[in-house]
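Just so it is clear, A, B, C and D label the chains in written order, and each chain counts residues from 1 on its own.
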């Protein structure tokens, strides 16, 4: 069986080379996936030209088609996003909008094209909002044909009000790392289960 | 002008006389309202028989009609709820369902019956979820005819993962109290503005 | 392998014997599950005494323990809820609150007790809100240890504004039934995959 | 008293000159505001370069500063957004992220800079999601210092499943137009009330 692949969509608002707290936290899931032999690739979407729209290719310099192909080449999708106003970032919502096209795209068996893949979530912020963001991303990818394993997420924030950011404190980090390990474990094993016993055509 | 009144709906899941963290945090808003001369009454909904349904009186021992009357006798409504699974409590949603009847009830001017009133929010938990809960309660009461002043909320929680409850730590409390003061200030002054210049019939 | 079981939690606000539109729509998923050999049982929660709280047994006439046992005896959980103010019903949130206890309960392998189970969603209403409700229920059960298969939902409503209820029109029903079939198909096959290849202990 | 001004942020994903259904529905609120003497200006954000970030000026060709100034020059803000995956568009979330800077910006009285302004919402889609989108936008702008009048919204969609778009059917339009009138009426009168009786400094 070929090696399992994961794509991590880092939905930070900060362009490279600025340091991304979201990337730092996603790294916890990534290292846990790598320990299980999963090949991981991160795409920092804000560095690319992801055109507004809901088709798979908006033409004219649109760099979504390459990202879309990486998603389809992967078994595992990890959405990693900061928290702004308690919501997923505009970059995360942009990615979901482009994935909306997957609602009508089909695989060779005539099923939704994303079937057979799992998705998980990483949320960081110094604002409250993680549960809600997970709900939005989970519902979005479930609509698009992904399966979401149990507890397929980790998050970090430190409410209430303004405060230190992820790299500035140790508060809550042990829990966050434990969840990252569980997230990776469950993504890996449900992805394996779907490989070995895929949903057959209706 | 008659004294201003506020009703606080405490939506804790714990019956009296168990201690309610939600009540404790609501107390911060209440004392700030009282300093401005507002008469405050708290209703702990879980102690009452609030029947399931979406009418103003479900009969048969239903204690919602008294609560509804207190809401209509007040200028200010404060929803105070704990966070469970990142959502408003079932008790808070029950109250919203009963307020759904206000969508079609009218005042003497033929307007929605809740017009002229403002609403604010208090959220506590040791789980992340406050922003989302505020969004749900705000949208609910706006639908029902209430006006929501700027920053008409305070919250407390301490992410991520399990941890101390509101009375067990000082973390973040200064911020929470500052927000409670702003919440009360804005509720009071927007309620005053609407008393002096109510929305006229269309 | 023993026959697969599903429990359907009907979260309508209407007590028996009043007709439940939510039950009617849930019936579409149920018949599709039955065609695949799944044994289905519906619990109409509003007919029971489900005490407020977040433990597995709140004592004193609490009827949640029996419901909890049925959930644990099943492979598939279907949450069926009406839409009120755009939110899951208070009865649905009450069930989630009681399931919160599953966060710390373990199976014999030391994993979260709900592991190995899948969940899906049925939403009805004459109000807009289905996507949001699915997001809330999905996040809630994923937190509690359930796996959510792709497109594991169906819904019906007819926006915008007031209008006919589910039994009163044919608008959109073909689509709703197609989704119910897909929902049942995916619940069944992902449940099978998890039976055959469960998530191992970490 | 100077004439009242409104800014409408059209958050469609479609660049000019493509027809925007969101603009069409926003037009219903605009004409109702104009009848009340309000000067209305629409900004189609997707035609501008709104940089990712959470400051008021991200430099380097960023066109947000002009939009921000128009918001501050207005009494009324109308967020108009399509529905994608049941969420506000990425363009709407981008605008909220840039408004996040207003959390710490102050007016001459030392209050949050947006105080004294009201906000309303227009949501279109052939997908379910309006109530949720209104909840997200309302909470976002309330955080940022805006006041939200009762029923300050209108929406149109036609669930469930795929179907005609706003210009292609008359279904539900009478209701949508009635709500647009109420939305404009309430925005106008609460804005007037806040002009005449602004929230004083704490």
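Note that a residue touches a chain if its C-beta (ideal position, glycine included) is under 8 Å from a C-beta of that chain, and two chains touch if they have at least 3 such contacts.
In this text, all values refer to a predicted model and were calculated from it rather than measured experimentally.
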| item | value |
| --- | --- |
| Remotest chain, chain C as reference, centres from CA atoms | D |
| Selected pair, greater C-beta contact count between B-D and A-D | B-D |
| Interchain centroid distance [CA atoms averaged], chain A/chain D, Å | 29 |
| Length of the line joining the C-alpha centres of chain B and chain D, rounded to whole Å | 25 |
| In chain A, residues with contacts to at least two other chains | 85-86, 131-132, 135-136, 139, 143-144 |
| Parts of chain A lying in touch with chain D, wherever the complex brings them together | 13-15, 46, 52-54, 84-91, 93-94, 96-97, 100, 136, 139-140, 143-144 |
| Contacting residues of chain D [partner chain C, same complex] | 85-86, 127-132, 135, 155-163, 172, 175-176, 179 |
| List of chain B residues in touch with chain D within their complex | 112, 114-115, 131-132, 134-136, 138-139, 142-153, 181-182, 185-186, 189-190, 192-194, 196-197, 199-200, 202 |
